[in-house]
Structures are given as structure tokens and as C-alpha cells.
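Supplied in C-alpha cells, the structure appears directly below.
We call the chains A, B and C, going by the order they appear; numbering starts again at 1 in every chain.
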Amino acid sequence: MTHSIKAIAAAIGAEAVGDLGLTISRASEPADAGPDDLAMAMAPKFQADIPKGRARAALLAPGADWQALGLRAAILAPRGRLAMAGVTALLDPGQHFAPGIHASAVIDPTAEIGDGVSIGPLAVIGARARIGAGSVIGPHCVIGADVALGPGAFLRELVSIGARATIGARFIAQPGVRIGGDGFSFVTPEVSGVEMARATLGDQGETKAQAWLRIHSLGSVTIGDDVEIGANSTVDNGTIRDTFIGSGTKIDSLVQVGHNVRVGTDCLLCAQAGVAGSSEIGNNVVLGGQTGVGDNLIVGDRVIAAGGTKILSNVPEGRVMMGYPAVKMDAFTEAYKAIRRLPRLARDISALKKAVFKDEPTE
Amino acid sequence: MTHSIKAIAAAIGAEAVGDLGLTISRASEPADAGPDDLAMAMAPKFQADIPKGRARAALLAPGADWQALGLRAAILAPRGRLAMAGVTALLDPGQHFAPGIHASAVIDPTAEIGDGVSIGPLAVIGARARIGAGSVIGPHCVIGADVALGPGAFLRELVSIGARATIGARFIAQPGVRIGGDGFSFVTPEVSGVEMARATLGDQGETKAQAWLRIHSLGSVTIGDDVEIGANSTVDNGTIRDTFIGSGTKIDSLVQVGHNVRVGTDCLLCAQAGVAGSSEIGNNVVLGGQTGVGDNLIVGDRVIAAGGTKILSNVPEGRVMMGYPAVKMDAFTEAYKAIRRLPRLARDISALKKAVFKDEPTE
Amino acid sequence: MTHSIKAIAAAIGAEAVGDLGLTISRASEPADAGPDDLAMAMAPKFQADIPKGRARAALLAPGADWQALGLRAAILAPRGRLAMAGVTALLDPGQHFAPGIHASAVIDPTAEIGDGVSIGPLAVIGARARIGAGSVIGPHCVIGADVALGPGAFLRELVSIGARATIGARFIAQPGVRIGGDGFSFVTPEVSGVEMARATLGDQGETKAQAWLRIHSLGSVTIGDDVEIGANSTVDNGTIRDTFIGSGTKIDSLVQVGHNVRVGTDCLLCAQAGVAGSSEIGNNVVLGGQTGVGDNLIVGDRVIAAGGTKILSNVPEGRVMMGYPAVKMDAFTEAYKAIRRLPRLARDISALKKAVFKDEPTE
């Protein structure tokens, strides 16, 4: 399928210049581009690669001298990554999942399948599950009993959704997503060493060894509209109420969302981040890769955590955090610089001790 | 299904007061509770929410003035989370997996299926596998050749168990658990940079670039009784002997247990924790979320590691650990406070240098 | 199946001594060994265990007094783990996946299946996928449309490969591997708080809350020859070009490789490591367990990162790194020691202040 420069520019709301009828069939990095490709060169450093390839058209920043780059047409977009969103949506070739319901799928007769739903080979749909209109259920997906999945969902292969989950419109799940595993919640008959160590900040005392009793998950998972979850990520069931993920939130690969957690709207949880049980994440929060949030904490709206941050106490709204334990990023940077200066400080102190106390300098 | 207050109290061994014949059908958070719900309000802060809902019965701490809260009945439990274990076990609605063996399951004729086993749609059971009586094998599970799975197992959807694994009674596996992937074990023909860097603590010398040769996993995985493993967690095969997980140990989501690891009894491994190859974890150990344990280490009985801890050397029994590298939690706290005071120390040193040496103050 | 000592020694290129015709059927740890087992005792500490078992033959370091250990035969190997590679390859009993194509597999008629390929129960092969000769596709694998998988692949159960991925020869994927989930790439219509915080190193300013627009992944994944990927690991699609993993690279369990990442040849990425979008990892790089690499970074050839390292800036080739943020391991060690000495330094400063300024000592 091909698209004219004019049509692409119109679709993404950008200006087009040159031969607007020129058609392209895919997007490429500038050096790799063939004559039917749109070279993606929004950043000036990529413009220099255009002559290395054979592109006749490119996506450029406004003001770029497209003719000097040897192009016949260009699309000029002031915010490059925003233009990327539009162009890639237009050119996405997709997974080629076949329309319709594959004969090998195992669908409970009480399930309600909306109009235009496609269900891939060997998918399993449980009793009373409701699949919203236009949804695509990939091969080998398992949808549990009483699940309500909104319209326009796109589930890649091998996704599972546990019983009673409720999911809004346009849900996207990458391969291997696990919604609705039971929460990790155990208790000892008597006070445990962990409870003691938390209370004392480090001393578990003489608590005896005990076995763990299971607290079952009676809650499920509720997810808003326009949520996307990455490959092999896990969202656990709540204990009494549902674990909750707000509309517009995007979750990367291998992320863990624990039982009872509430994640607000329009958050980003980057790869391998984890949020422990019963914590609340506000709206528009960004957790960098491998960030951890302890249990029963509150992370305010608009908080940003750099990659690797371990949040061990509540964070007020708007903070930019870093470190283990997490502190404000500028405090982290100051402490880091101070640590780097420590050997010099130690030498200064030795010299002072020698001068003041007539000490021999220490190491 | 409904339960009387009297029956619930008896089942969990707690005291009941008020109208003991009142029946409830599910548990709820107090503010959400309807008239047929048991409001879960063991902590005082939740009691205040009871009037916001419509509960007629609640689970409360002993001494709570249940009549003043407008309730008709109450269950009084001295250890709230312990009562939760009992109540949630009673009220768990489960996944509605159908009994019996689904016609679409692919079961090797040499497999031995115990009495009362249910096997879900599209599950695969390998040659000579033995499935203990009363086990539930969820949809799309894959049980390898020669696996021995004890009685009363409950495997959610899409769980896999590799060939020759041996698993005790009442095993619970959440969706996507992977038992028996091969261990990650490679060797270079000559000494590698990693070996040099470990020996010298940081200098890999002039070792040349080499390819990695695979050490195959001849061992499998042995798991005791009453073990639970969380969604998408992985337990790798041993190299010569089996990787081992002791009875009563509970493992959360996205946890990695490497080859040859031995985990003792009644441990908790929280989400995204990882234990590298050949390490030994004692009994009653708790590893917080995102904890890492390096390879070939020994972690003693009753050790507790706070979330995010990176254990890089052996840990004696009973220690409460934190940090990267892990130290005792009180040492971590002391170091952390000292780092926060560093800018002030640096200013003190500048002032001293000026006074003693007549220096200009440094930054 | 049994092997003579002579045959094993020849296969791994090592010296054999004693009764070369003695046959063994498996490898064991010395204390567990039966009379038909080869005791694996390359390290001196394991030799002492030989008399605890019943081994008649062992794999030993050169110079070991095998007769004094009561053995009838021995294989003497100067580099123990290298010998392990050879012995374990010979004795690996495998997964017992049946040869041929299982009747329950769902194979698109346009797929090209090479000679001698075996495809397990309930596997799904998409349109125009090409499966190289001699490959083994495990039960429940899902191979997407237009995938090119080289010869000799071995895919364990429940592996998925997204559309258009290109994979070289002898690929090994452990259970639950996810190749080709879409990359995690989103943009706000206007400048976001994250962009501001990155530019200012901590201040997100007054940016307003915005929803995230999706940047689709048009690229796929390209993987070289002799690559192995561990259980439940994820490799995401590239945005415009393919995400790339070089030949000979080995990836452990629960590792995340983000969109556009380039990993060189012969790298090791240990368990739960993560590489964020668009970063480049050189050749022969080793990332320890739970290592994180930020986005858009360059990690040079032969870099070694200790477990838990968080790499937040470019790393020159050959460096051995540790810490958060990552620094050279010797700098990390020096800083760590300095932090441990901080309480003493603080006391020294108090004493100096008292002596110089006649201050009361501070805490």
C-alpha cells in the first residue's frame, strides 16, 4: 500500500513541500532508504545521512533545505516524535492476524462476542466473557470467565486475562501479558520477623520461624480506556477490591503491578519497573526502567522517577526523583558529587589533624 | 453461595457477636460494602468507613464497638491479616476452570493422570508425566516428559514445566510460570575477561575476545510441598543436580531462580527478585522486591533483605540487610545519614583550612 | 545410552586414564554418584566428596591422584568448566519433543517448513514464515507472519516470534521468550515534564498534564547466528529499523531488550538485565544480573558490568563498571570504603572544630 506525500502530511497535520503526488510505501532511516521510502530525518544529525540513501522524500524539521538534500518532496514537522506517531500509525503493517474466528479457538457458548471480533488459532474464551466489538484476540490467548473486555482491543499472542477482570476500550496487550494472577499476600500465625524488622527499622528480634498462610485474592483487575501493557508484564488481582490501572496509562515489558495497586491516568511505567502491593501512583507519573515502589506508598501526580530509582517512602506531587532510597534528583546529584570528593576531604582532614594536633597523617 | 456469620467465625477460629445467623455472600472494603457483604475493617482506620457503606456485618479488631458502627453482627479477630487468610479462603470464587479433561487437551498415552484431575483446554501433557490426584491443570499448560507433579496442584493458564521436574503436594503456579528452562551457563575456551575482573576486583587485563560455549543443563528442578510461584516467574534447571525450592516457600511475580540454586523452607521471594546460579538461600528468608543475590553465595536462615537490596557476599543468619552492596540495615541507615550531612562537613573543612592554613575556602 | 570413558575423553579433547572401557550413563555431583555415573569433580574441593559417593570414574583436574580416590578411571581436564561444556552436551537427555509435525499444529499453507523440522502440539506457524531445516518448534509456540528462522533452531514451549523477525542459525529460545512485542515509544503533543527534567537534570517546570500518543513499531527484530535467549525474556521491535542482536550473544531469563537496541557479538546479558531503547552494546560485553542500561547510550566493546549496575552514560570500551550510577569498579570500591569511614571523619572534624574554633563538638 502506498501513500502520497500530500496524504501523509494531511494525516499528521504537517506542511508538505515539493512533489506532493510522490508516493511512498514505507518509512526508513535515511541511510537505508530506497526510492519509495520516506526518510525519517527530523533531527539535524539524521539529515546528513539522506545523501547516503536513495530517498526521494523525507520527514524533516521546518526550515530544512530539502532541495539541497536532493529530495523531490518533504514533510516539515515542528515536533519530530509527534510526527513519528502519525506516520508510523499510517504505515504500520501489523501482525497479519486473520479476520474472523479461527476454527481451533475454544469459545465457551455463554461468552458474548461483539461484532467484527477476530479470534486467533487456539485462543480460549471462558464462560460469560464479553469481548467488545472490533477486538482482535491473538493466537493462544486465554480470556477467563466473566471478563469484560471493551471494544477495539488488540491482544497479541499468548496473552492471558484472569476471571472477572474489567478492561476499557482500545486495550493493547503485547505478547505474554498476564492480567489477574493472584496477589502475593501471606501471613504468619504470630508476629513475623519481617513485621518486627519493619517496626524497628532493622531488628527482627527473637521471632520464631513460621509457615506462611495464604490470603486469597477475591478482587480482580480493573483497567481504564486506552491502556497498553508490554510483553510478559504482570498485573496481579486485588485482595478485596480490584487492582486498578487508569485510562491512558502505558506499561512497558516485564513490569510488575502488585495487588491492590492503583495507577492513575496517563502514566508511563518503563521496563522492569515494579509497584508493590497497595501503593497508589498518581496521574501523569513516569517511572523509569527498573524503578521500584515499595508497598503501601503514595506517589503523587506528575512524579518522575529516573531509571533504577527505589521509592521507599511517599513522594509529593511534581517531584523528580532518583536513587536508592529515592531522593530529589538534585539532592541525589549533590550527594553523588560529594561522594566523589570524599577521598580529597579525607586528605584535607589528615593534613588538618597533623597541623592542629601534630598527628601523623592517617591513610 | 452465602455463609452465616457463625459459620465464618467458626471456620477462622474467631469470636462472633450479634446476629450470628446473618448471612454474607462476599467480602468488601467498608465504604464499598452492600448489605450482603462482610466489611473488612480490622484496622481502626477502616472502621470509620463502615458508615459510608451499607454493611450489616464486619470483621473487626477485638474491643471494637460494633453496635455503635451500626452493625447487626461482627467477627472479632485479634490478628487481622490472619483472619483475612481464613475469610478469603472461604470466599474465593476461583477461576471457574471446568472439571474433567477437556477434549482439546493433548495428553501422551503414557502419562499417568491421578483421580479427580482436571485438565483445561489445549493443555499438553508429555510422555510418562504423572499428575497427582485432584490437581487442576489450566488451559494451555505444558507439562514436560517425566514430570512428577504432586497431588492437589493448581496450575493457572499458560504454565510450563520442563522435562523431569519433581514437584510436591499442593503446588500453585500463577499464569506464565516457567519451571525448567535451561540454566545460563557458558564458558570461554581460555580465561575470560570476566574471570580476570572477578579475580582482580576490576581489572580484566588483556584477555582476548572469545565466543561462549554452552554448558547444558542435565539437572532439572525439584520443588517441595506447599510452594506457590507467581506470574511469569522462572526457575531454571540445574547443571548436574536439580535446582531446589524447599517446602512452604512462596515466590512472587517475575522472580528468577537460577541454575543450581537451593532455596530453603518457608521463604518469601518478592516480585522481581533474582537469585543467581548456585547460591544457597536458607530457611525462612525474605527477599524484598527487586532484591538480587549474586552467584555462589550463601544467605543464612531468617535473613531479611529490604526491597532493592543487592547481596554480593555471604550473609550470616538472622541479618536484616539493605543497600547495594548489601550491608546491615542499621549500617545502611547510618551511611545514608552521613551522606546527607556531607555538604555540611565539606563546608566545615573549608572553614578549618582557612583558619589553620589561611587558605582561601574551596567550593 | 552409555558412553565409554575413552569416548567421552575423545569427544572433549581431554586425557583419559585407567579403565578406558568403563562406561557411564550420566553425570553426577561426587557425593550423589552411583557406579554408572561420571563424578564431576574438577575443583579440588569436590574431590573430597568422591569417597562419599560410589563413582568409579570422575572428571578431575590434571595431576589429581585418581587411584587414591578409589576410582577405576578418570578424565583429566585442565579447564573444568570447558570440560563441563563438552560432557554436558554429550549427556543432555533433552526434552523428548517428538519428531515430525504434530497433527494439532496450525500451520499456514504458505509457510515454508524446512527438511527435518519438528513442530510440537498446538504450535501456530503464520503466513509465509520460513522455518530452517532441522529446527525444533516446541509445543504452543507462535511464529508470526513472514518470520525467517534459520536452520537448527530449538524453541522450547510457549515461545513467540512476532511478524517479520529474521533469526540466524542454531537459535535457542527457552520457554516463554517473546521476540517482537512492539517497542515502548510514546510522545505528548507538547513538551512533556520528562523532556524538561532530562534537559534540566531534575526540573520538570510547569509543563501541563498530557496524554500519550503511540509511536508504532514498523521495524522488527534481527538476530544473528548461535544466539540463545532465556525464559520469559523480551526483545522488542524497532521503530523504523530492526532491533538487533549479534551472533554468539547469550541472554538469560527475564531480560528486556528495548526497541532499536543493537547488541554486538558474543555478549552475555544476565538475568533481569534491561537495555532501554536505542542503546548500543558493543561486542563481548557482559552485563551482570539486574544491570540496567539507559536509553540512547553507547556501551563499548568488552565492557563488564557487575550485577545491579545502572549505566546512565556512555561507557568506553574495556571498562569494568559497578554502581548506580555506574562508575569504574575501582572507583566504586574506593567510594564505598570512604562512605564506611564517614562516621570517623565526622568525629575528626568535630574534634578539629573544637580545637581550632573552641566549638562544642557537634554530633
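Please note the rule applied: a residue touches a chain if its C-beta (ideal position, glycine included) is under 8 Å from a C-beta of that chain, and two chains touch if they have at least 3 such contacts.
The model shown is predicted, which means the values in this text are computed figures rather than measured ones.
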Proportion of interface numbers common to chain A and chain B (over half same, under half different): different
For chain A placed onto chain C, the superposition rotation in degrees, Cα atoms, nearest 5: 120
Approximate Å spacing (C-alpha centroids) for the pair chain A, chain B: 23
Contacts with 2+ other chains: residues of chain A: 122, 140, 158, 176, 232, 254, 272, 290, 324, 339, 342, 345, 349, 352, 356
Residues of chain B touching chain A in the complex: 26-29, 32, 40, 79, 81-82, 84-85, 88-89, 91-96, 102, 104, 120-122, 138-140, 156-158, 174-176, 226, 228, 230-232, 248, 250, 252-254, 266, 268, 270-272, 283-284, 286, 289-290, 301-302, 304, 306-308, 318, 320, 322-324, 328-330, 333, 336, 339-340, 342-343, 345-346, 349, 352-353, 356-357
Complex contact set, residues of chain B against chain C: 106, 122, 124, 126-127, 140, 142, 144-146, 158, 160, 162-164, 176, 178, 180-182, 184-190, 193-194, 197, 201-204, 209-218, 232-234, 236, 239-241, 254, 256, 258, 272, 274, 276, 290, 292, 294, 310, 312, 324-325, 334-335, 338-339, 341-342, 345, 348-349, 351-352, 355-356
